[in-house]
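You will see two complexes here that share subunit A, one where it goes with subunit B and one where it goes with subunit C.
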Partner chain A sequence: MTAAGYARTLDLVTRVRGVRGAMLVSSDDGLVVAEHLMEGIKGSAVAALAASLANRLRRAMVAAGVGASVFWHLQCEQGALLVVPAASAIIVVAVAEPDVNVGLVRLELLRAAEAV
Partner chain B sequence: MADEIKTLSAELARDPHSLVFLRLGDLLRQRGQLDAAHRVALNGLERHPHLPDAHDLYARILADKRDYERAFDEWDMARRIAPGHMGALKGLAFLYFKVGDVAQAVAHLEEAERVAPDDFAIQQALAMVRGQPMGSAAARTSGHAGLQPGSPSAPSAPSAPSAPSTPPPAPLPPPPAVAEEPIAPPAGPLEDRRVFAGLEGAQEGLLLLDAAGRVLGGALRDWNGADVTEAVAAYLAGVSLEAGRTAKLLGLGAWTGLAAEGQLGHIHLAQPGPDALLLLVRDRSVPMGRLAIIAQRAAMTARRWLEQQA
Partner chain C sequence: MTTRAVEAWTLQPLVKFTKEAEARLVLLMTSAGQVMAQHGFSRAVEVMSAAALGAAIIASTAEMAKELKQPPFAALSHQGERHGIFLAGFGTPRGMLVALVVYDIEVSSVGLVQLFFEQFVADLQAACPKEGVPKQVLAADFERELSDSLKTLFGR
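This part shows the complex of A and B:
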């Protein structure tokens, strides 16, 4: 996929009201593949932590017998981190406001994951 | 029976949308093959989510597995879809009787009697239940013999008195403390399964860990019934810290929960205390939103228990 393709994919996610940014992150090493973030979000650090959390969760979920994760959602007091692992060792990450429509973001993340 | 199971299985394999799953699931349940029955019922429910008999079947299997709260939800669902559903009315009566709510048990049996006035089994059950004083221990521990005879829908749980260690069912929606009050003994030190007594799935699928991934309470089994408690606990060690760091880095304040959707089930993580992590696991039939509510209740109970241990 080209840089423009990545940008279009992320744009689908960031267009959802309440989404402050979206990223494509390599789940193996936690490096940013592409990003579309609002000012002030430290993309590389968030990518590293999100990838680490995704890997930890995946292992726990497989051990628990619920299979690999399809979507996860870290809820925080002032916002949320929403993640969908894509098939190509990439995770699609969105940073959102607390009152975001989680269902809608999930759909767009799943669509983005299919595209990458 | 084995031949019939084989025939029905073949028919279901030929046509996965066939309603034979109802008969097949019940036969497997009667044979005690609860895991197989569970799978058949769940697959059937996925294809026929609005079929009251499918919810009834699933509830009976859950009740046989002593997962009473989920059984309550399924019977409740069956009754919402079909208000006069006999299996649901009998099942709900059984569950109310089991927690000592004789008035509700009677009300449900009376409703069943109105639907089927000639059903001798219901009349017999009513006579027996009315003979018990309200909320008496006898009512709770004498089983459900009166609800069982001739009732194809009554769960086949043993009628022997419940052991005090059995986590009590809490079919009523109000706060857990109210529901568990009549039977739940106070949690003793590290009586792990009792940490969640009275909550949905208290027997399995709920896990309380400390920051180092050591199990404080609860238990976890995979779909094959293997105990995976320690393995999952080990993988989750540090999740709390990592989630906290991520939230801080993003300026999102403290993390309050982590919900994850898996290919076969859902999990929800919560933090009942600064050094504790609560994990809730359910199959995909439990929606994520509902899982969050159950997790909140479990976290409250876990918080109380942690405070008692301090």
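This part shows the complex of A and C:
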């Protein structure tokens, strides 16, 4: 996929009302592959920490014998972090408002994960 | 894992950094390879080799940047099968320092190391004594200085 392709994929996620930004992150090294973020979000910090969390969760899932993680959603006071691991060692991350339509974001993240 | 410092002001930022970035080995040195602090090394000979190699790599890349008429490269990152290496130089009131970070890729990542390294540099710059001229190590004193530093770092 080209850089323009990544941008288009992220654009579909950020079009969901309440999504402040979306990123494609290399899950192995925690670096940003592509991002579409609103001002004030530290993309590199979110990428590094989300990738670290994703790797730990993956190991926890394997240890628990429940298979690979498909989607995770962290709800916070002032927002939410939603992540879908893609097959290509990339995780698709969305940063959203606390009252975002989680179902819709999940759907777009899963589509994005399939596309990358 | 032990963390030891020749210059006491480097210890707290180093302890914080190694904990946050979950680094396996960290070496903080001057651009000449004089060791200021270390984390995780168990043998003096390993510190000596790593410091010499780290300083040499920084010197080589700085020369390459000069050839390209560019400012020195900020950081260098290598990733192997099990471990990654992150090497970067940065300025402090005591002159340029170099940090060599080795991390286990199952535990940490270059993204995490980069993220916490920015804070590590800021912490070192804040902790660095502003007064006093850094002691120059002359060639004649080099062996004694090295021996003293290694004694401090390994307690023997």
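One rule holds for everything that comes next: the second predicted complex is superposed on the first by the 116 of 116 C-alpha atoms of A that agree within 3 Å, B and C clash if a C-alpha of one lies under 4 Å from a C-alpha of the other, contacts with A are read in each partner's own complex, and residues count from 1 in each chain.
Convention: a contact is a pair of C-beta atoms (placed from the backbone, for glycine too) under 8 Å apart; a residue touches a chain by one contact, two chains touch by 3 or more.
This one's a predicted model, so the numbers in the text were calculated from it and none came from an experiment.
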(message) Under the superposition described at the top, does placing subunit B and subunit C together on subunit A give a clash or a fit?
(response) fit
(message) Under the stated touch criterion, which partner chain does A:D28 make contact with: subunit B (first), subunit C (second), both, or neither?
(response) second
(request) In degrees, to the nearest 10, note the angle that opens at the C-alpha centre of subunit A toward the centres of subunit B and subunit C. (result) 110
(request) Examine A:E39 and indicate which partner it touches, taking first as subunit B and second as subunit C; both and neither are also allowed. (result) neither
(message) Which chain, subunit B or subunit C, ends up touching more residues of subunit A in the combined arrangement?
(response) B
(request) Classify the contacts of A:L49 with the two partner chains as first (subunit B alone), second (subunit C alone), both, or neither. (result) both
(request) Scan A:M61 for contacts with subunit B and subunit C and give back first, second, both or neither. (result) first
(message) Nearest approach of subunit B to subunit C by C-alpha atoms in the superposition, in Å, rounded to an integer.
(response) 10
(message) Taking the stated contact definition, name every residue in subunit A that is touched by subunit B in one complex and by subunit C in the other, in rising order.
(response) 45, 49, 52
(request) Name, in rising order, each residue of subunit B that touches subunit A in their complex. (result) 220-224, 228, 231-232, 235-236, 238-239, 242-243, 245-247, 249-267, 279, 281, 283
(request) Sort out for me which residues of subunit A touch subunit B in the complex. (result) 40-42, 45-46, 49-50, 52-53, 56-57, 59-61, 63-81, 95
(request) Could you pull out which subunit A residues touch subunit C in their complex? (result) 25-26, 28-31, 44-45, 47-49, 51-52, 55
(message) List the residues on subunit C that touch subunit A in their complex, please.
(response) 79, 84, 105, 108-112, 114-115
